[in-house]
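So that you can tell them apart, the chains are marked A, B, C and D in the order they are listed, and the count of residues begins at 1 in each.
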Amino acid sequence: MAKVFIVYYSSTGNTEKMAEFVAEGARKSGAEVAVRKVQEAAIEDLEIADAVILGSPTYYGHSAGKMRNFIDKSVVLHGRLEGKVGGAFSSSHNIGGGNETAVRDLLDALLVHGMIIQGASNGDHYGPVSLGIPDRRVENQCRQLGERVARLAERTASEE
Amino acid sequence: MAKVFIVYYSSTGNTEKMAEFVAEGARKSGAEVAVRKVQEAAIEDLEIADAVILGSPTYYGHSAGKMRNFIDKSVVLHGRLEGKVGGAFSSSHNIGGGNETAVRDLLDALLVHGMIIQGASNGDHYGPVSLGIPDRRVENQCRQLGERVARLAERTASEE
Amino acid sequence: MAKVFIVYYSSTGNTEKMAEFVAEGARKSGAEVAVRKVQEAAIEDLEIADAVILGSPTYYGHSAGKMRNFIDKSVVLHGRLEGKVGGAFSSSHNIGGGNETAVRDLLDALLVHGMIIQGASNGDHYGPVSLGIPDRRVENQCRQLGERVARLAERTASEE
Amino acid sequence: MAKVFIVYYSSTGNTEKMAEFVAEGARKSGAEVAVRKVQEAAIEDLEIADAVILGSPTYYGHSAGKMRNFIDKSVVLHGRLEGKVGGAFSSSHNIGGGNETAVRDLLDALLVHGMIIQGASNGDHYGPVSLGIPDRRVENQCRQLGERVARLAERTASEE
């Protein structure tokens, strides 16, 4: 049973809603899931998890400073997250509003940690993106991310 | 009167429609505008222009190979486009479909040429993005890009 | 005389050194320059400036959380920085260490504010990048950035 | 035994040398490796492979048009590469010369195909980057990429 750790920052509640959908998708795939606000998340929990999924609103084309602060602090674990699975999602106000660059910002952090990420050939390729309040489309994208990450974590964790 | 050169590749006609809206915006701002399919565009025309705007469909998260081939060939002018104004736009199938990364791909090329680009504080920040057939929203974004680039080219060209 | 505002975060002193070289370049071009640590910078100063240059170490492929927090807070000025000139630089540990993505992270923020940026056809195309302690090459790149931004701010500010 | 397919474009021979080092790393990890110039590569071979590694020189901040043309043509296989493993590398002229954005351009294409990629917590995080002729450092980075991708492909392929 893969352990999936979802860390998010949310100001208006949109990213929080996305986090819940991602969690449901991961649980449906049989994973043990923990969901934490970034303010309450412990860096150490990253090491226990088989997979880490990060979510943030899009602020100026990238993830929120509060999320980047958490990432910056994760340097104490550098090298020890290698080979874990990751994913990312973001909410923003409008199309072309920087949401893709925000998702890739979070994915970059996971790659620098030596983690494994997977794209989606359908839908939001890099990770789910919401324009304002998550609608049905976004809900589906989020569930699929949760499932995809949980399955991949299951496969790669069982191998070790 | 600033000379604005719009080069685009279009397969389905969506990017072509965007190119026309961008051209109208630039003309409205008093610019002399040339619009060319990338297959018919001459590299030399880049040097004559005060501003260059590139448009492409989003293919696998970036601009089309046909557009990148044109950019690759522009190396014969390297250094001589320094200080010109630029812009970019892209059409894609869906939200989160790679359209922002495609626009930034084109903007990167302009930056490597030493060109000047401007973002938009409202709307599509990096450049207009269409999901399928350009709608009213996209039309407005494209017109605004044309106007913004034409005005900036006018200002910077008159300075020299 | 253009007002150039340089805001940076530095942990080891490398980014600070880069900020000083950028400042010297801008001053040499006749600009009035203010250099501030991000912890001591006031958001309001962004509005007074004709140009804003941001510098940060590369942390996990992007700028430091402390820099992104500052950017996030700049939302109170949203729309009022439109048309100002910008630039960015970053220090990191190694080649391929995420320094380019960090510079572009900062440039994205400037674009979302509707600001104007210019690439360099020679050297560090998006903005100066240092691997560890800034050497002669980096010093030159930084001076050139300062000069380029100051000149462009002079041109565009005098137009208004 | 994982099948690793390396496709590259090379103009000066630098990217070709990188491709050979990557191939050696993958073979050392027990993979069956095919290396092809992009001009001679068949799209169908992508489907047979368990892993695909793409290499290109950095042209204007991104991969070469010739490489993007190949990627564009891979659309006939869309959805059928989902879950395969991928990687990317690039050669360029100088630090800050767009090499990271070129590597990420190729990684984006793999993600849009639904493929799996892994970063490196040490060295070139997104993928190997050479400044001019590949030196010892680059050779090591390339071998490590080959090994990493081969091992990950072995793990994930055997699962299916």
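Everything that follows uses one rule, which is that contacts are C-beta pairs under 8 Å (C-beta built on N, C-alpha and C of every residue); 3 or more make two chains touch, one makes a residue touch a chain.
Values in this document were obtained by computation on a predicted structure and should not be read as measured data.
Of all chains, the one whose Cα centroid sits at the greatest distance from that of subunit C is D.
By number of C-beta pairs in contact, A-C leads when A-B and A-C are compared. The contact pattern of A-D recurs in B-C, the pair among C-D, B-C or B-D where over half of the contact pairs coincide by residue number.
Work out the mean CA point of subunit B and of subunit C, and you get 25 Å between them.
The mean-CA centres of subunit A and subunit C are about 29 angstrom from one another, to the nearest whole unit. Subunit A and subunit B have Cα centroids separated by 33 Å. Contact with two or more other chains is made by residues 61, 98, 101, 104, 108, 111-113, 125-126 of subunit A. Taken in their complex, subunit B has these residues touching subunit C: 78-79, 81-83, 104, 108, 110-122, 125-126, 152, 155-156, 159. Contact residues on subunit D toward subunit B in their complex (touch as defined above): 59-72, 74-75, 98, 101, 105, 108-109, 111-113. Residues 61, 94-101, 103-104, 123-129, 131, 137, 141 of subunit D are the ones touching subunit C in the complex.
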